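Heads up, the thing below is written out as structure tokens.
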């Protein structure tokens, strides 16, 4: 399995298969969707096996002319960073399908439509990470919004359409700013040796620092909206609170990663100087996000909004790691993206089950679930522990790497960010206490524990969370060369041990 | 337009006299167009502006255009306007009070600005070449010269204009032509209908206007024996146009002898 | 003085001649054919004529001539592309026009009169719209290929007059329809007076009424440019009126709303192509060297236009008015193509015009389908839940809206991208930024409609969706396919345009 | 360095037990406790094996290492999952697994009526594994994993009966306060990496001498913060009292014998840092001194037997910290006190558990009394522990505590005198409150509730108590015989010149015993001579009230951190809604508003449209006019 | 006598026509004002024709007249239709479509 394009095609084929299943046989529809996602996940893993870890060049490169008039190619290729994120996306997909087996019911449209949207989204999720042509990336980046928009607005709950619109408008706004930057890049490439959108070629462009700063902002704001960075975050809690748990997983777990992925792949690569110029500002925003997201999470009454705010905090860590410009920070951030995908997935999936069973997403409505539904409670607890980066679980490794990496260059930022770990304990343990502990409150007595399907769905997530906590090397080995490459290209080297200036 | 340097020698004094006499008249007529209440008056004033323009054309060596202006524009187009004016009520007069708030000040400001700036601009325009005059171009006669252009250089637009004319005709037809969708009843059918109808009231024909009323104008309804006005004695068009007079003042029972002739 | 007989290149003029011929046949059909046979005959004649004209355009695609009609007409690559676009848009518009439901049975009858009722009952049809359409199309074909001011003016009137008339022919809400015709007409005439006045000053400046003559004068200089500036300004007023740029836009929402929807579709799409075609030609050839004088003006107008259009569209409650404001915003985007003044700008504009035109017709075609017992329902509140009742119709409409909004994988995106990049290339950054921002504003109301259709529960008020007639279906499907295809695989069309898009002088 | 492949089993066995018990669910209810105990016991066995191996090697070759795998490696940040068993850790390993196993055994019976006994054993095993990882990790990061792991286990065990909201809150409080400490550990690791470039003990030790004092001081202070969190030292001590919400075996194992002493381990382990950072060391001493008094004072006022013991634990750990803060001379004594304390305090907690077991889980000592007759074994074992903590010769505490007091006096100068006095005072207060506990519980009149039927605990419970009691009696002697522990540990610490002795050992012992005697006497006077009210009297001195309130520690935290924190949270939630999201919505509203406003341009009047065109044209002309000017 | 005077006159007439379109309510008068503007443009053409010494301007003016005639036909047809429906020739009454 070495063709990325083939990989992108698989979910599309699956969606066609879903489309032709008879409308009455919903189970068949779901099975086809599940089967497709599993095949994609296996294919991705097979691809990952063939990936040459130490090769920092793009691999599995394919390039087809798409719109020659503008020098646009359908160009794909992956490095370690992209591979990790694709792996995360494709592994999460079947889990989401399986976990949210029934979440398409009660939507505005048919179950079929739901899975078609999911599968189309999966294609785009792969595409957005593999694209090496800026135009192709942008196209997918924007087009992705549509299925998500319909998934939120069509299958969500509560103020779903308002949330969907907010999400879309925010993202479109960011996307358009990015478009302006892309146009500028395109035009400049035309003036410097032929129109192209090739990332490699564009990164060689000569431009004045003012131009670079503006173009950087165009990209960065788009990404900062995606990976909600304070103060551009307000769409996320609404969207996450309204979306189905599965959609939220894909939204926070995968789509938002496009933002942080984009920061590395596009902001840093294309505008190294501007990145340096803006680093102080971004670092401050990241730290604010960490603390702010955590405090807001503590203050939430709604479970889904709480998880959303924790993600804002986590994205602050990722952003901080990226812009710390140390190999630890960078690798940590990349690993964090992967781990956050799974820990948030676990939180949302289990939280979603809790909400579905209880019929409410208000934390105060739960109580004493540990006695009633021990497996579910444990799953939630573990997910929460992962979210607060308990050592031994996957998030710890990444969070600590980010902190250590940041500390060597930005000690003050790292110190403030570290306070986030105390806040994390609060935002996880408060809902844990309210929902899982204490006496079983009325309305919770009859809740059923996880069934086999649900156990199968959550098991791999928890397995990954634990396994990567103890043994992150397989991923780090893939990530490190890519991160080191970026850092080196940016002209940074890790700060040497200072010995306290002695 | 000093720099434009139209040789004064070329334009003779009589033309200047003509201009300074007619131009104020033209402007006045145009302004009056805006100020008179009745559309008909506007139309007449418009016609006079057009005729003045025709004279200017001729004065500027555009004999053909001058004639066409009078014959076609003033003669035909303005007459068309007048026809339509008759159709929609020649008497109707506009109120000149402005109902859209703020529009008039805006219009006047814009006009003053527009006109003033244009005049100022034209005043400072230079062409960088001297005016030529039409002596050479008209050497074979103005009409011939125009014809030469019209039928050679501009033959394509000339032909295309024909399509425009057809469009106009077609358009007028579409909007105005009442296609006879059903056969009109013959005289005979109408007669039969009159006598075989539910009532014989109209068998003898509709009452004439003004009968028994104190006034026999076409817009005064006839009075029935009981003194009420007979609506059907008035032409439907007048009724529709609202030109029907109320018969009240003309009813026998309510003669106000102290009053003089109405209207 | 010898008279030399004019020489016309009929091959190159044939598309227009065919259309005029077809229109004349149509007039004759009106005169001599029995009422019952007229509709089908007219439709076949019209479609046949258009297809023939398209074939003819295709045949002459590689020809170039400035002397096809004694210098009145230039046939070159952009001309062919514009003409082809106009004809294609016209064809799919005619398919909409063929739905009798939209046109009054008898234009001369009073609204609400017995006569009207009778005409409706007898199934009378105003088949004159077909020849009128053909005349308009002929005018549109001529407009962007004109190369002197006379022809330009004649073409302008030729495309406008039939549209004035057609705007007044709606079957429902006839008073509004007639009102729109009146407004369109009065303002159209008003603006063409400006146009003519501008033409006079250009003539005064350059002593020539041909574009090349004006260009020579601009290049040659001499004197100062006051007349040129006045000429450009007033001529632009006329052209900007046609394309619906602020502040010369005011007619379009009212007319779009009042006119029969197929006419609106035709008008919105084809007129824009023709008017921008003419604008591109005149600005790219005649005024190119006076760029300094008009670029700031057009830049400001473009910015105001796109922002205004996008902004005002937000508060609209009527789908046709909303589309009208969207078209105003798009006029602003298209103006950036004019401002760009480079080959990329020309190519982008041509692509954008075609893509936008097709999408517009498609969108209005959908509007024709949403009806209740009293005809089309254009009140957006009653479009609620359309996605539930008629998912395909709503999906198609959403597709068109997304294209308008410039979402990737639709033609609108490629259009916006190419036109903005061309403008950026020419240094017009402010326009690009304004364009991007107003795109964001615009996205808001396009999305609002999608929300209405998909995420709002339907109101049970009898609003239904007509099963599209086969002709309307063709229009919708064709438009949708083109909209998506041009978004996904625009390369062939872009190449085609790129090969042809060079103005000759 | 010697390597071994078997170190991992120390951790793996209990971890396996925990995993099996957790995953197997109710199916394991029947045999879960046995498996748990076995796992803990086998780990102890491995520990003994390792000890025997170690004893067989020369003094310097004793440490053993095992590298399991490369855990994290990014750039120069390389951390192996590696275990280190040296003379220091083996002490802990044996304490943890030994006492742990005893407590497992005790729990079999103690928890036999609990529905969730299996889960309890799973948690216990988890704790053992985590605690072993803590002491076996060969780098600060590995230690950190165990450090938080024991925090988690502690959280789970404190909240074992979390259906009671107060218990759930207690567990959360413990976790969060521990996290504050953990933050310090994080900082220390970060500073270590940034300054030294490594986080392993060996690496830092190697570089310590050419690292600036400032950096080492920072590291030291941060490590101290970590220690205060885990070991319930001032100012992060508040959680320990509440942690008594957990089942009593937990209190014995985690909150007396092992986990809470992790801070002492950390400071001792980091001797190479503290030795080079006198300021940090001084802070350690100050913290220890404050806490030992602080805990002791709280202990005097507590009526809850477990809370009194907890306060005592806090105080005793204060001794250890103080000892550890005294540098190379104090490390061994701190560890010794740690070990002896592990025995007698665990024993006393188990005794308390036994009392509660017999008294329907009553914890209020004012409801006890005269239990000596009903629970003789408990009385004896508890009493031996009591003597040990008092430091009565020859019981364990005498050896360890006196050494600390002595070392404190020997710290030199005014510091030495001050510290010595504090430790002496602490010893006196300790004697007072421990005597109070003894009197209230075992002597005097019975003040029981109606339903109470006190009885002696079963074998499985008293046996561990007995074993621990033996430890309480003998461990001090054994460990100090021939300076056994000091010599055992000496290769790990750098040696400095001997301090001059301020007071002779015998004098110190005498002083200490004197203080103890005073404390015991006061307690006798106050509680044995007078009637004890079964309800805590209200008309007590302000001092007592404050002591009952844990010296206002909770109020302080509440007023300074919690309330402002909650308010900040609420303010931010509202700000986010109103300001940030409000700004976003405001932009939307602005667009809507201007849209509605601009719609007005479209008045419907064709004349106004014409005016618009006209004005537009006029503006164009005006622009031209300006240009031409 | 300066030929520019004709241009000034032309501008004046054009302005008056434009104002007329804005201020008059009767559709027919409005339309006449448009005609006045066209005539003003024609005057400009004729004047420029003379200045430039070629007849093209006059040809344009001629075309304008023809086109204007067509426009008048269509325009008046529309006005009559409106009048018949509404019984009013006031352009202000035709304001159904707005906002």
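For clarity, chains are labelled A, B, C, D and E in written order, and residue numbers in each chain start from 1.
FYI, a residue touches a chain if its C-beta (ideal position, glycine included) is under 8 Å from a C-beta of that chain, and two chains touch if they have at least 3 such contacts.
Only a predicted model underlies this, so the values are computations on that prediction, with no experimental measurement involved.
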*Work out which chains are contact partners of both chain B and chain C.*
D, E
*Which chains does chain C share as contact partners with chain D?*
A, B, E
*Name the two chains that are joined by the greatest number of C-beta pairs in contact.*
B-E
_Chain nearest the global centroid, as defined over all protein CA atoms shown_ = A
_Among all chains, whose Cα centre is located farthest from the one for chain B?_
D
*In whole angstrom, what separates the CA-based centres of chain B and chain E?*
13
*In whole angstrom, what separates the CA-based centres of chain D and chain E?*
95
*asked:* Using mean CA coordinates as chain centres, what's the gap between chain A and chain C in Å?
replied: 44
_Averaged-CA centre spacing for the pair chain B and chain A, given as whole angstrom_ = 73
*Mark out which residues of chain D touch at least two other chains, giving numbers and ranges.*
588, 599, 602-608, 610-611, 614-615, 617, 621, 624, 628
*Sites on chain C at which at least two other chains make contact*: 107-108, 150, 154, 157, 161, 164-165, 168, 182-183, 186, 190, 194, 204, 207, 224, 226, 230, 253-254, 444
*For chain A, which residues are shared contacts with two or more other chains?*
169
*Could you list each pair of chains that touch, in label order?*
A-C, A-D, B-C, B-D, B-E, C-D, C-E, D-E
*Which residues of chain C touch chain D in the complex?*
182-183, 186-187, 190-191, 194, 224, 226, 229-230, 233-234, 236-237, 241, 247-248, 250-251, 253-254, 293, 296-297, 308, 311-316, 441, 444
*Could you please specify the touching residues of chain C with respect to chain B in the complex?*
1, 3-6, 8, 13, 16, 20, 23-24, 27, 30, 69-73, 106-109, 115, 118-119, 122, 124, 126, 128, 131-132, 135, 138-139, 142, 148, 150-151, 154-155, 157-158, 161-162, 164-165, 168-169, 204-205, 207, 221-224, 226-227, 230
*Under the touch definition given earlier, write down the residues of chain E that touch chain C in their complex.*
7, 10, 14, 17-18, 21, 27, 30-31, 34, 37-38, 40-42, 44-45, 47-49, 51-54, 56-57, 59-60, 63-64, 67, 70-71, 74-75, 77-79, 81-82, 84-86, 91, 94-98
_chain B to chain D touching residues, read off their complex_ = 100, 103, 106-107, 110-111, 113-114, 117-118, 120-121, 124
*asked:* Going by the contact rule set out above, which residues of chain D touch chain C in the complex?
replied: 588, 591-592, 594-596, 598-599, 601-602, 604, 606, 608-610, 612-613, 615-617, 620-621, 623-624, 627-628
